[in-house]
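Think of it as A, B, C, D, E, F, G and H in the order they're written, each chain with its own count starting at 1.
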Amino acid sequence: MDASTTALVDRPLTINGVTLNSRLFLGTGKYRTNEEMNAALCASGSELITVALRRLDLDDPSKKTLLDHIDWKKYRILPNTAGAKTAQEAIQTARMARAMGLSDWIKVEVIPDPKYLLPDPVGTLEACEVLLKEGFTVLPYINADPILAKRLQDMGTHTVMPLASPIGSGQGIVTWRQIAIIIENATVPVVVDAGIGAPSDAALAMELGADACLVNTAVARSNNPAMMAKAIAMGVEAGHLAYLAGRMPVLPYASASSPIEGVVTVK
Amino acid sequence: MDASTTALVDRPLTINGVTLNSRLFLGTGKYRTNEEMNAALCASGSELITVALRRLDLDDPSKKTLLDHIDWKKYRILPNTAGAKTAQEAIQTARMARAMGLSDWIKVEVIPDPKYLLPDPVGTLEACEVLLKEGFTVLPYINADPILAKRLQDMGTHTVMPLASPIGSGQGIVTWRQIAIIIENATVPVVVDAGIGAPSDAALAMELGADACLVNTAVARSNNPAMMAKAIAMGVEAGHLAYLAGRMPVLPYASASSPIEGVVTVK
Amino acid sequence: MDASTTALVDRPLTINGVTLNSRLFLGTGKYRTNEEMNAALCASGSELITVALRRLDLDDPSKKTLLDHIDWKKYRILPNTAGAKTAQEAIQTARMARAMGLSDWIKVEVIPDPKYLLPDPVGTLEACEVLLKEGFTVLPYINADPILAKRLQDMGTHTVMPLASPIGSGQGIVTWRQIAIIIENATVPVVVDAGIGAPSDAALAMELGADACLVNTAVARSNNPAMMAKAIAMGVEAGHLAYLAGRMPVLPYASASSPIEGVVTVK
Amino acid sequence: MDASTTALVDRPLTINGVTLNSRLFLGTGKYRTNEEMNAALCASGSELITVALRRLDLDDPSKKTLLDHIDWKKYRILPNTAGAKTAQEAIQTARMARAMGLSDWIKVEVIPDPKYLLPDPVGTLEACEVLLKEGFTVLPYINADPILAKRLQDMGTHTVMPLASPIGSGQGIVTWRQIAIIIENATVPVVVDAGIGAPSDAALAMELGADACLVNTAVARSNNPAMMAKAIAMGVEAGHLAYLAGRMPVLPYASASSPIEGVVTVK
Amino acid sequence: MTITVNDKQYTTEETSIEGFLRERGFEPRLIVVEVNGEIIRREQWDTVTLTEGDVLQMAHMVAGG
Amino acid sequence: MTITVNDKQYTTEETSIEGFLRERGFEPRLIVVEVNGEIIRREQWDTVTLTEGDVLQMAHMVAGG
Amino acid sequence: MTITVNDKQYTTEETSIEGFLRERGFEPRLIVVEVNGEIIRREQWDTVTLTEGDVLQMAHMVAGG
Amino acid sequence: MTITVNDKQYTTEETSIEGFLRERGFEPRLIVVEVNGEIIRREQWDTVTLTEGDVLQMAHMVAGG
């Protein structure tokens, strides 16, 4: 604290050579309408949005692909492997997503557990190893395990994406101590994913030094998704600025804001 | 949650008939230099700033009044009664501050305890009662006690300003449950004062429905006060927007962001 | 920490000259049956139990007084003023309770708010002042406000009883930081009252240095009140022992439990 | 809550067929003297104690083996693999520990990181797989990762031992939400290991449904280790009893402990 | 004679507190009585004669926290 | 000719991927196709001739987080 | 003439508040003055004549939170 | 004869594990010994003859958590 009064210099967020101006990544799931989704995407200022791969319903051609609803030239597409319970399923989903020709980025999710949707560390490592060899840009979704994060970045993944709390729970940054350790040891961007419920959560993640946040449910399930998208984007930016500025230490006692001497007296 | 998907309508913050465009109030204490202070005031966008009253050092005319350093036509001045240990001292300090002719607003602080700087509920009530009768616009600094807050607003104070944690501690919104009750029952603006250490704290206070935040140490003691002022101002606005938009509920379990059906399969 | 390796010496809990061997006080409300209540009282080892004063239903003589169900020679009776919304009502309730001849101890509750059941600091001060003059042994139930606690003990109350969280909520020691300050400045026993939901809560209160805990709902609403009474009594004792023994400091980093040198190596 | 008012029936803690009467396991590291250590072991009532394997200093025969200081017929010995950075080192340490003939139980620690001492999930899995095949009773120390815990128990480990917070930090049950999920899905005993700093922490772990706690630093670094050992043992038992009894739910609002009707009135 | 007890009216011929309580089916113990705003300690019950229009409050101990 | 697509059987005379998709009412874009376990990139669709008993998987992008 | 200001004694021949302040080197603005326990508003300074033994308090605004 | 034990060299005429330990002042109990990478259980110590250049590791139990 005494040692330095110099704020950090901001460096743009770069993932595998691609610079992103917004540090908020947005999911496209769970919106009530496509109009609400598009309004939220626009209000968020996000440049990277996640999508999922699912089978066509060949008996109902009226169900359009999501990509007809959004301006996919405006956003970088990050397909995920949601639904994959094993490394093999995640690898196959990633390959199919890439074959569509839109993106070779992949959010790796290997999730055997349907209740808490927690990722499998071993399956995630296996999937990432294969996908890295096949040339994907790999963004793994992981439990907030610092050693696992280190193994992944050492293997070559292009980010690590530790969870803050269970997907869609809005519980906030439950794992903040572990995330702080991951950030301390990070050699690739750390994206806090899952569980962010409000701007204060996003700001806290960024104050810890995270490089970006990925949010979906908190926006989609707000009464006003566009307004909430804007709010969370501001929270992300506020937290990042605070990280750069350097926050005050937490003190056990009070410390007066007004001078202690020279107080006026009463007769 | 189910009942309504309509976001709240924003109403401007008004205290005793005065509308304030910024919901961040800033203290002027503890900056390393006047230049850093002014840069922070400017970056914050704040319209209301707090100052203290102290005796002149008649043997040193070089010590200028603070008001020569800041553009006091740009900001509304909120003198405080910091240093007062009793109601009588607070009343006298308020009267002297008003006699200067700049402001009849007063932040009432009655603080007998030098270590934790916690306010005295009885002395605060006494001082507010007198000052209201004398026509002051009264903003009392209080412990986060919902019944005390109710007594004060029923008496006619123009805000209540519950503390989040001890002054200058940066511990954050320690008293958030009590503050939420104060807000639920409030008939005057609720300003969360003391203990805010970072944008995430300010955002959380505003998400709870607070009307404004008062911050000093977190800005003044940052490595870069202007950057931190801006960050906290964004946190305040982000939290307020989120409050209006309506945040998602916190859930005990996960809730998938991607559809569960139609997952691709591997042979 | 380094300065001393001497544990504190235990002193018995004494309130207004009365020594109590158990540091757990138990409420008698909300049990499903009188049998469950008696089993819990017995299992708890408590020596002080709270009761309320209510009007007789003169049309139904079958409703016996609580005191017919419990062995009131075995326990010291602490009547409360629950239901009182003002100082005057609390004073009247206290006088009537004393007129019964069983006890001149009184738990002062002045609670205007039915939703969160938070006590009124001003009404509590007023009631305590009168009751102290009338010779009661006064145990006030208060918000965890250190300055209010100091005013009360300076006035002569025989304990202070700050709330941990709202009555019957089981939220635990929400106000622990404030309670720690109250304990630091205490000249009378500090009894943590309201909100304790489990042994871990009771233990935490005692580890902070509280002198006793008052519990009701957590026991009465357990599936097995007697077992829970025993569990919480153990938690109280465990926390008190730990306070005396002196707990380790909380460290930001890990500290190995096994020696770092001399590790065996693999060829 | 409504469904059942029946407390759970206690089942003794059994690990690989061995029943343990105490649910507290104690480490032997970091005591100031052997006398303090023995007093603490005795006061704790523990039946299982951990030790480490280290090279002899052949130039100093005065350094006796730990086992000469403690009554190793009284306690079951649980050697750990502390110091091992890889699976191979852990396996070798386990084999050497077993060759001493005292115990074929092993606490598997694979810890590449010296600052936070967090375990490596992959190395731990590898070491456990080999040691299970070689007939060890395997108790792995792991991050609080529910999927990893499931993989280990499915592989056949005899417990899982998730960490509460970093080793020796005394931060308490930081990972409680993850531990609760591990317990929910457990088919083997769950032992909460590392980070417990006080009886309240131990009680909380047990209230969540943990089967046992392993503690070292909190006891060894207390001013009075024997008293603290007793306190934590009581906390473990209190928490376990409360788990069996069934704790009350946490409520957002207050719930009066005294009847609302029949309050006496003042003229 | 009609008296008011706990906000309800009762017609009785009993002029003693104890007599009235017994009439209503109560044991005269562990009960506190207020007559016209004045608390009457147990040992002084015999000194009180209930009269037409008296307003009483009668209370006892119940379970509470 | 009968082929299996996404675990359901379809009878069709279309032997091209694009033809089959059009027959079912779909624009042949932003869709990924797997034929007998092999992913067929868009630019290679024309090289594939569907035959009796082929097993296909067809997927597209949907909303997800 | 000796007066007491902020608990210290000063000898001065100035009998006006403004004169005394200027003598000490201060601009007579943004300062609040109490004379013998009574606050004197800026516009009333000229009405006050300082005399031997007066007790004054003089204050200004400083940085505070 | 020179052997390496725990990375240090020792010159000894003792060819048994137990003899070497006693020579160094240790009771031959509660100690585990590895000779040239192979763990030797206590009951097999007598079957081992130490020879020039052997590399040993000797360990015991210490306090740990």
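Operating definition for what follows: contacts are C-beta pairs under 8 Å (C-beta built on N, C-alpha and C of every residue); 3 or more make two chains touch, one makes a residue touch a chain.
Only a predicted model underlies this, so the values are computations on that prediction, with no experimental measurement involved.
Shared contact partners of subunit B and subunit D, listed by label: A, C. Using the contact threshold fixed earlier, the set of chains in contact with both subunit A and subunit F is B. Seen from the C-alpha centroid of subunit C, the farthest chain centroid is that of F.
The mean-CA centres of subunit G and subunit H are about 91 angstrom from one another, to the nearest whole unit. One simple way to say how far apart two chains are is to compare their mean CA positions; for subunit D and subunit F this gives 55 Å.
Mean C-alpha position of subunit B lies 71 Å from that of subunit H. Counting partner chains per residue, subunit C shows two or more touched chains at residues 27, 29-30, 50, 52-55, 57, 80, 82, 96, 116, 118, 167-168, 171, 216-217, 220, 256-259, 262, 264-265.
Subunit E has residues 34, 57, 59, 62-65 in contact with two or more other chains.
Inter-chain contacts occur between A-B, A-D, A-F, A-G, B-C, B-F, B-G, C-D, C-E, C-H, D-E, D-H.
Every residue of subunit A that touches subunit B in the complex is listed here, in rising order: 1, 4-7, 27, 29-30, 32, 50, 52-55, 57, 80, 82-84, 88-89, 92-93, 96, 114-118, 166-172, 197-201, 203-204, 207, 216-218, 220-225, 227-228, 230-232, 234-235, 237-239, 241-242, 244-266. Residues 256-259, 262, 264-265, 267 of subunit B touch subunit F in their complex.
Contacts from subunit C toward subunit B in the complex involve residues 112-113, 116, 118-122, 125, 143, 145-148, 150-151, 165, 171, 174-175, 177, 181, 185. For subunit G in complex with subunit A, the residues that touch the partner chain are 34, 37, 57, 59, 62-65.
Of all the residues in subunit G, the ones that touch subunit B in their complex are 5-6, 8, 10, 24-26, 30-32, 34, 39-42, 57-65.
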